[in-house]
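Each of the two complexes below includes chain A, the first together with chain B, the second together with chain C.
And now, the complex of A and B:
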């Protein structure tokens, strides 16, 4: 079954719209120093480095090569992982396997984005090529295509998901605004986040103009500069490094459909973008590995990747934490608040902070910190089991890590 | 559709910034006063120019800034008739010389133009000295290049 991977620390840089006081390497260094300072592990204990970001978002190819010194990785094994929006989630999974395989004892998982350096549209043009190329094959004009997909940003995908979700669940724009307000209030209590808005109200959200119906300006994710680092190790080493080990008991990475042109591209004939079969399958895989049979009862905390508020509702349902079409009602009743029955995104989520390459790793990091009891905006609830989720737009790739304060139960086999 | 080639054209503007950060900013400030500023690792004693946050060998924060002289040693070089930094490569009338210069007292080297000499005079280990631009503005271009000491 392999070695049990354990998380012993997680660190962040400060996030902002423009961290022009640091270059990319210095930005990455901040999170690594934060992670190392919070456990008894030093840079000499690290056997392997994993790093990634969105390709081309800063206009720097293979950035890890010139960041090596600032990461303390000189003469050590190093692997770059980049899978679009899920980059951080894939890095978490790569670190899991590096330890689980027995190849390395202690692994530093790192991710960053310095969006203020670059052009998000250019970056996305390269990431979304799979989807774009299908339209081009049909003879679609490139400019028209960019307009239809939402002017070259993930909001295009988010808006289509939102319309379908609202039709199915009868959730209102006010419900969407409520999700945003909870996130921004949470972000205000967490030191490293970007959009800290402690007094934001539903009325204020609904007073902002639409960007793409039903998503308004006041509802959407910012573009952030920031970095995140996590330390994965063996159970044996974890005893030396920390008193609050977090066990990684299941991981999954599944893509089932493209974002919009599903019937042509994925071949699955799926035309409702909020079905999200990939999320359901990844949940089934990861929960089985972790020995979780009743996710809605056994999972105490969720960090889900939701740049847009409708996605937070959708993911909580597709990942098995709420019944389909009921998530917005849970928000009305405060179930997902830090002191609710199922706290969600106490960090403020991707809706408040989005250094894209780092975002999905930050979900795993915050889930781990909540179990350790060391999060910036710690839930007063006792948290034994938590999930960290990632989503990537173009191909609806889902990454999932299931964490707990105890070692996994016996894995019963495939789906 | 077999045998038919569909093409589509679209223009993507790609503009990027690079934040120099506080350490490289100190270096550029120095250039404005025709001064070289580096920094020194307190653990291994290595002197870096331009200055940097972390010593790659020690993974230590580098805190101490040091002034470096205008003189140094050529540690490597090449020369070319091809003009660089143009969209299309083209032959220029003059031969351009480029060299790695290690300032006296530094442990890192900078890649810069070599001026006021001929390619046949270039030698590894030769002493060189900076040529500043007339009006420094705190930019990399404040360093025009390096020339051999005593002329050659």
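And now, the complex of A and C:
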């Protein structure tokens, strides 16, 4: 295997529902300034830029073309990666391979989203429009179809997963509310997050009306504006830039779609939306690369992509951190709190802050900062190994990065 | 902010790059004729699904490419009239002519004999809090058939023997 990639710094911009004080380029610049201020690296040291966002959500076509000057990327290699909801996770993997292949020494991985500029509904309707027109052609009643599509898009996928997860694990809505409350309390201690609610209670969550059964208004993720930047480099350069390098020991991305409605080759013929074979396979691949045999014992910190509370429980099980159908019991006992045995989403998670393109990169960034000891809501526990996970709607793509404070063990099999 | 000034100093001129985004150039073609056989059977009050010869996956409504092995399935097989709830959710909508927002069930069903799901309708006014995963349903055909999917008026809930069996097991334990 080639060069060992190392994360030296990660930065964020302030997140809010409407960042009308800045435009896209300035928003991006905020995160890059923050990332550069946390290490001895300057913009001249960067060899390559990797950027991405959810396409069409801002209504701007190829925003990189006018953002390059604000990123300091003039006359330097620039790569664009977009994979929908997992854009950030894919950017982290692209930056990993840009360094690991030996092509570039120092790579700046950035992701942003300014949803207040455009309409997310327009961006998402392009996903569903093809199916809708076919079903109208086949004689499906329009009124009924419109009603059924009401539980479509991201929240529909989340609701279907929640129904099947609750059926399997016998967890209640109170358990889901407990996950939300923990996330919002964590977000209040972090400077860059969106929904800061230090006094949120389970009763308040259960008082709000349903959006899509069983997800209530108080449980779902907000739509934020924000950006994130990370610096990847080689092991030798890292010694110059920082005292606390974080080693990226394994990456994986696997797609496994559960298509409920489709007309051509959509999905893998999987019926239960909460099986998530893709998460299991990606965990196996990434842990194998990182030399982790017992994830439940060896991993000290987890940042999972959970716009909806049931997903946080589901991913923790599918990524091998808890046994199947037991995650909600661990939440009751407080194991996942910042001072617990396995801290989860100390940043507040996607449930509190969701700048779609940047969300998955923020998970990796936050996991790295927890290992460095520089996070906004730092866990008092000593963290050696952490994971950053990403999930994207339409094709159910799952990305996973395994980070550690040490270089990987000698890997016997070849890649 | 010092870095921003540095950027401005270095590049006094900006470049203009022309770009267009022709959204109308993205085309998606779906040939309805290829599932005509299914529509003709619906007119007769029968259900057929497409079976893949290589992996035995049956899709209903027919998918033109097998989701598992990406081959073209060409074998039509008959399906039963019953179905089970694979997953469900509830949505809140305001119908035209309605003054209130009302809850409606959104139910994904798996036709018995098929391996794929699709969205189905329950009878008007059915309370979705009574829906559960694994609930058995039966087709209610429309009276005058047109030869498309509107021939299936809705799916009717039928008696579920598993509930009583579960109760018996619990009582025994």
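FYI, the second predicted complex is superposed on the first by the 374 of 415 C-alpha atoms of A that agree within 3 Å, B and C clash if a C-alpha of one lies under 4 Å from a C-alpha of the other, contacts with A are read in each partner's own complex, and residues count from 1 in each chain.
Just so it is clear, a contact is a pair of C-beta atoms (placed from the backbone, for glycine too) under 8 Å apart; a residue touches a chain by one contact, two chains touch by 3 or more.
All values derive from a computational prediction rather than experimental measurement.
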Query raised in the report: After superposition on the shared chain, which partner residues are touched by A:29: those of chain B (first), chain C (second), both, or neither?
Result: both
Requested in this report: Would you check which partner chain A:43 touches, where first means chain B only, second means chain C only, and both and neither mean what they say?
Outcome: both
Query raised in the report: Can A:119 be said to touch chain B (first), chain C (second), both, or neither?
Result: first
Report task. Have a look at where A:213 lands relative to chain B and chain C in the superposition and call it first, second, both or neither. Result -> second
Query - chain B versus chain C, judged by how many residues of chain A each one touches - result: C
Query raised in the report: Of the two partner chains, chain B (first) and chain C (second), which one does A:70 touch, if any: first, second, both, or neither?
Result: both
Query raised in the report: If you stack the two complexes on chain A, which partner ends up touching A:202: first (chain B), second (chain C), both, or neither?
Result: neither
Query raised in the report: Regarding the shared-chain residue A:141, is it in contact with chain B (first), chain C (second), both, or neither?
Result: both
Report task. Using the superposition on chain A described above, determine whether A:21 touches chain B (first), chain C (second), both, or neither. Result -> first
Report task. Applying the touch criterion given at the start, work out whether A:58 contacts chain B, chain C, both or neither, answering first, second, both or neither. Result -> first
Query raised in the report: Residues on chain A in contact with chain B in one complex and with chain C in the other?
Result: 29, 43, 69-70, 72, 74, 137, 139-141, 143, 146
Requested in this report: Please name which positions on chain B make contact with chain A in the complex.
Outcome: 6, 8-10, 12-24, 52-57, 59
Requested in this report: Flag every residue of chain A that touches chain C in the complex, lowest number first.
Outcome: 29, 33, 36, 43, 61-62, 65, 69-70, 72, 74, 130, 133-135, 137-141, 143-144, 146-148, 150-151, 156, 159-160, 163-164, 167, 209-213, 259-269, 271-273
Query raised in the report: How about chain C: which of its residues touch chain A in the complex?
Result: 3-4, 7, 10-11, 14, 17, 19-21, 28, 30, 32, 35, 39, 57, 59, 61, 63-68, 70, 86-93, 95-96, 103-104, 106, 108, 110, 115-119, 121, 128-129, 132-134, 146, 148-151
Query raised in the report: chain B touches which residues of chain A in the complex?
Result: 19-23, 25-26, 29, 43, 58-60, 68-70, 72, 74, 114, 116-119, 121-122, 125, 136-137, 139-143, 146
